[in-house]
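The following pair of complexes shares a single chain, chain A, combined with chain B in the former and chain C in the latter.
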Partner chain A sequence: MADVKLTKVVKRYGDVETIHGIDLDIKDGEFVVFVGPSGCGKSTLLRMVAGLEEITEGELHIDNECVTSVAASRRGVAMVFQSYALYPHMTVRENMGFGLKMAKTDKDEIKRRVDESAKILQLEPLLDRKPKALSGGQRQRVAIGRTIVRNPKVFLFDEPLSNLDAELRVKMRVEIAKLHSQLKNTMIYVTHDQVEAMTMADKIVVLRGGNIEQVGSPIELYLNPVNEFVAGFIGSPRMNFFECDVISQTSSSLRLRLPCSTEVELDADVSASPGMSKVKLGIRPEHLQEDHQGKVKIGVDVDVVEHLGGATYIYARYAGDNELIVQAGGLSPVRRGHHCDISFDLDQCHLFDCNGLSLRAAQPIPLQTEVSVQELVLG
Partner chain B sequence: MNANTSVNSSDTLTVSSGRPSEPQRPPRKRYVFLMSAPALLGLFMFLVLPFLMALGMSFTDQRLLSPNATEWVGLRNYDRLLNISWLVQEPVSDAAGNLKQTADGELVYPRLRSVLRNDPEYKDFKEYTHWSFDNKRVVLLAKDPSFIQSIINTLLFVILVVPIQCGTALGLALLINQKLRGIFLFRTVFFSPVVTSIVVVSIVWSFLYHKDLGLFNHYLSAMSFGLIGPVDWLGDPDWAMPSIVLMSAWQAAGVQMLIFLAGLQGISGDLYEAAELDGAGPWGKFVNVTLPGLKNTTIFVVISTTIQAFGLFTQVDVMTRGGPQGSTSTVMYHAVTKGFREQDIAYGSAISVIFFLAILAIALLQKRFFDKREDA
Partner chain C sequence: MKHLRKLGAYLFLLLIGYVFLFPLLFMIMSSFKPEQVIFADLYSIRAILPVGDLTLDNYRQVFEKSDVLLYFRNSILITSATVILGLFVNSLLAFTLSRMRWSGRKYILAAVVALMIIPIEAIVVPLLLLVSKLPTIGWEQGGFVLMGSWLNSLEVQILPFVANSFFIFLFYQFFRDIPKDFDEAAELDGATPFQIYRHIIVPMSGPVFATVAILHFLLMWNQYIWPIMAVQGEDARPVMPGIQIFFGRQTSWGEIMAYASFVTLPVLAVFLAFQKKFVSSLAGAGIKG
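Our next item is the complex of A and B:
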């Protein structure tokens, strides 16, 4: 068990810089998830922690020990690969014991530890099979078992579930979360699936283009995204954005004209940015209501309606070409081609300046989030 | 799917348009046969037919140019090839019962030639080799001793060249699989002997091996400060075959190198990284990731190299002509010598048939061996 500390970490391939000086503190026993769009450097960052990729500049500490130029096998980390990376000619037992065998551990000890972690992951009946005789989910369990056997300080996962089908992915997600609450090791988990990030993480690190955009708990990121990118990235379906003209501004409030010409007034922290002419208003689909309980009403034209049973997604156009997604109740009567009124509360709106930075004061995080999201997931 | 359907419909059309008597074959079969016909024809004309002709000829006394009519001779050619016998000789003793000895103190045995000539059972047999034991002399006889010698030479060549050539190829493949600048140049250089004519390579290496002028002897004597004297690489019966082995492995390893390279590039990089995290060093990775990953490639390379090695001919023909003292004559060389140079084409055919069967058997055995190991 150990903290991980990255200090001004930079990665360059020749002249191309892909990670631009990242500072990050990961506390002992935390489950940290790296998310971000494809190519943002999640894998690179993880692989630098693992020691598979050289750190061009900066320092890495694991357990208060500088391991920037320590070999991968001596860092006390273990990794689960997206492709599982099981040795095809070895049985499950040999695969799981390989790391210990390389470390010249005593045979009985290897057997004991393999049996132990096989029990945790219910792999006992599979121990004498070869990887090619396993299903995808079983292979991934073996790959996880292999890391447990070595009892590392830090577990690393690089998109471990993306080769699995949707149902299995949910199941394995829960299993990994369970494993974390059982082992309590530090874990770093890379994914581009934000549902995985929201449900598993103690702390989410949102990356874009080799920079950290925001670090925080899932609820924090959901309630108080610091910029437009994080706001759009966290939450599903995506947050709706539309541009509004600024009519007037004081140091703590803004008067705006919505695209449909309705005028509204919001609280905003705009003392640092006087004289704005346009801002972006963001509102999540689940905060748009098809009844009229919200304070602000807007009219939309419905393009597509998706009935998911428990919820209905309404894809609509608003005031010309602004596309809008509304998450309505499961039995919504709205049909394609309808024109209907949608309402929302200004409290739930996000506001971003022309650089995409948030203009609203952070909302308090409800106490309930002290109960970790994992426990909610696990029921 | 589409192709099938269209064939199907056109077939129905033909049937309905006035040839109802035509037997209705499954159209797919006909299609398959039609498509593979050119390849089958080529295979038949240039592989099956010549082999059958050789098989037929091996039961006759056909010569390349001969005024006499060809006759069936049954298994005579095979008898001449494969018949082996032996005899045990007592030392010659004088009237008093004392063993006769030469001036050097060696025992004297009856002259083999007269023994063989006088005994109809040993008609046509010649000495292949002999050894003494307990005052007696055992003589191994064969009707064609140089064929037996050729078989042994060929086996020796195969046993030496296959591990050397495959090992070299794997080593080179590992070297050129690195991501270094200019590695393409090395790939080209290592592959270049393969695209050079084996005749040219043989001639060049004959110079390199030359006793007085050759580069190898110069290097050897320079590096050992004159202690290792000039070796007559191709003229010494003990050195001639190893010399040809070395040169052949060097010349042909490029092909296997490329095959191994393809095999190496098929191994997932994740496996190496997993092994790295598991604490495996370079040797650990080689044994636990590279070798298992190259298993199928290795099977293919070993079998194909073995078969190729059995066909050794050109190097021998150019560099040593089977000499010195028959120490580099191979089965193929023997077949060509008998069949064409001595014009006994029937006998040459018999050698080829035996050779073909032997290679077939070895290839099947090797495959069985590797398949078994896969199950284990």
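Our next item is the complex of A and C:
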């Protein structure tokens, strides 16, 4: 059980800086997810916490102890690799006990602890098999079991589910979340899948290009992204953006012209950025409606319609070449080639200035943001 | 059609097999035949068949005229010591080259690759000079003493051949393809680099160890030039130079064949024992566990 604290952490490979000074506080028992596009430095950051990658500058504290230059095995962390990295010549039992064997733990103790963690993950029938004789999901569980055996302060996961098929991924996702509520250790989890991030995290850290874009609970990030990048990254399908001309602005409101020439007025605290000529309007697919209940109506040409049963995704073009995704109800009558009207409410719109910074939140943030999606899902 | 092609393939393999087996069979059969019979059979199929009055005379002569058992023992000692030390030394260097970061690593690797193209013949003379000046450490009257030179010893045939750039490179190539995740997982498990080598990398590298063991064994068992130069006396002589004894004023081919058959036996035994792993590693199979 431990806090993890990163202070101005920098990573350089020769002259190339890939992590640009990251500050992050992770509380004891938190499930933190690093998420971001490929190459943004998620793995590097995680490996620096693990001790597999040197920290060029800055400090790392685990459990209030500075471990910046402490060897990986002494940091009290355990890691699940994307490839699982199960030793192919050892049985599951030997794989799980290897760390303890290296620490010269006595045989009975090893056996006891391996049995104990095998029980948590229902691995008992597999203990005498070699990794080759296991399915993907079973290997995954052994890889997790191997980390539990060592009873680490912090668990690290680097895209552990990316080698599994979609169905198993959902199952393992729930299992890992359960494990967390059972063990209550600090866990850091890397993924580029924002659905995983949304469903599992207590706290999401959105990274881009070696910088933190935003840290917050899943709901916070969904409702109140600080910039266009986070807004586009969190949520599926991704948020729709289109550019609007500013007709006039006061300190607390803006008058805009939408691409289809409709004029709208909406509240926003823009006193800090006077004299804007263009802004970006962001609206999530689930907030666009194909009926006419929203205040603002726009006409679109439908390109593709995907019927998923429970929902329908409508891919459309709006006022020329603005692409738009609408999430409609399951039985939407809209067909390809139709021209139809879409409506939305202005208080569900996000607003970004020309640098992509958010000018206002879509809605006031509900008071209870601590209630994470994960808790809602798992009860 | 399919059968025909299969038949063709088998015929072809038979032919190849014959080409490779012929010298071996000829050697073994001739070793059991008196001199005149060998020559009489030379131009017929009988040359490779066990026909005529077979005799063990040639073998009796071999044991009488030469100290073949002593040579045999020497060769076994030299070869096994070199191969065992070599497997350890060469794989360990390859391990550090392929899996650890240290300054100068690239230069050592380049040197290893460059050294592969230098044949032993090119360095025997300077090497001989070197070993003739090296003292051995002996034990005399309760203390260590430095004595004589390395010449005429077993170690002069072992130590210069333990490290081998070609074998280092073979290990290096194999190790390089093992995913780094294994090392990192073991590192997090608290294993030292040597423990990673010992518990993770070595057990995963069976095929390459078998390949290098066979090649190194053959190299050592067949040593000829070096022992002729570095070992004059009988005491440390290995099997291959021993065959010289039979090329005298009246050469007996039967005895030569008997001697050659006798010293080829271990090679066949080793090959048959390791054959499966050897073939699988050459085929590139089983690389990733």
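Throughout what follows, the second predicted complex is superposed on the first by the 368 of 379 C-alpha atoms of A that agree within 3 Å, B and C clash if a C-alpha of one lies under 4 Å from a C-alpha of the other, contacts with A are read in each partner's own complex, and residues count from 1 in each chain.
The rule we apply is simple: a residue touches a chain if its C-beta (ideal position, glycine included) is under 8 Å from a C-beta of that chain, and two chains touch if they have at least 3 such contacts.
Note that the structure is predicted; figures quoted are calculated from it, not measured.
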Task: Three-chain arrangement built on chain A, chain B and chain C clash or fit - done: clash
Open item on the list: Tell me the contact category for A:Ala133 with respect to chain B and chain C: first, second, both or neither.
Closed with: neither
Open item on the list: Output check: A:Cys354 vs chain B and chain C. Expected answer is one of first, second, both, neither. What do you get?
Closed with: neither
Open item on the list: With both complexes superposed on chain A, which partner does A:Pro88 reach: first (chain B), second (chain C), both or neither?
Closed with: both
Open item on the list: Taking the superposition on A as described, I'd like to know which of chain B and chain C A:Val304 touches: first, second, both or neither.
Closed with: neither
Open item on the list: Touch test for A:Cys66: chain B only (first), chain C only (second), both, or neither?
Closed with: neither
- [ ] Go through the superposed model and pick first if A:Leu52 touches only chain B, second if only chain C, both, or neither.
- [x] both
Open item on the list: In the overlaid three-chain picture, which partner chain does A:Ala78 touch, first (chain B) or second (chain C), both, or neither?
Closed with: both
Task: Shared chain A contacts, counted only where both chain B and chain C touch the same residue - done: 50-52, 72-73, 77-79, 81, 83, 85, 87-89, 98-99, 102-103, 150
- [ ] Give every residue of chain A touching chain C within the complex, in rising order.
- [x] 50-52, 72-73, 77-79, 81-83, 85, 87-89, 98-99, 102-103, 132, 146, 150
Task: Sites on chain C touched by chain A in the complex - done: 179, 181-182, 184-191, 195, 199-200, 203-204, 289
Open item on the list: So in the complex, the part of chain A that touches chain B is made up of which residues?
Closed with: 50-52, 72-73, 77-79, 81, 83, 85-90, 98-99, 102-103, 150
Task: List of chain B residues in touch with chain A within their complex - done: 268, 270-271, 273-280, 284, 288-289, 292-293, 295
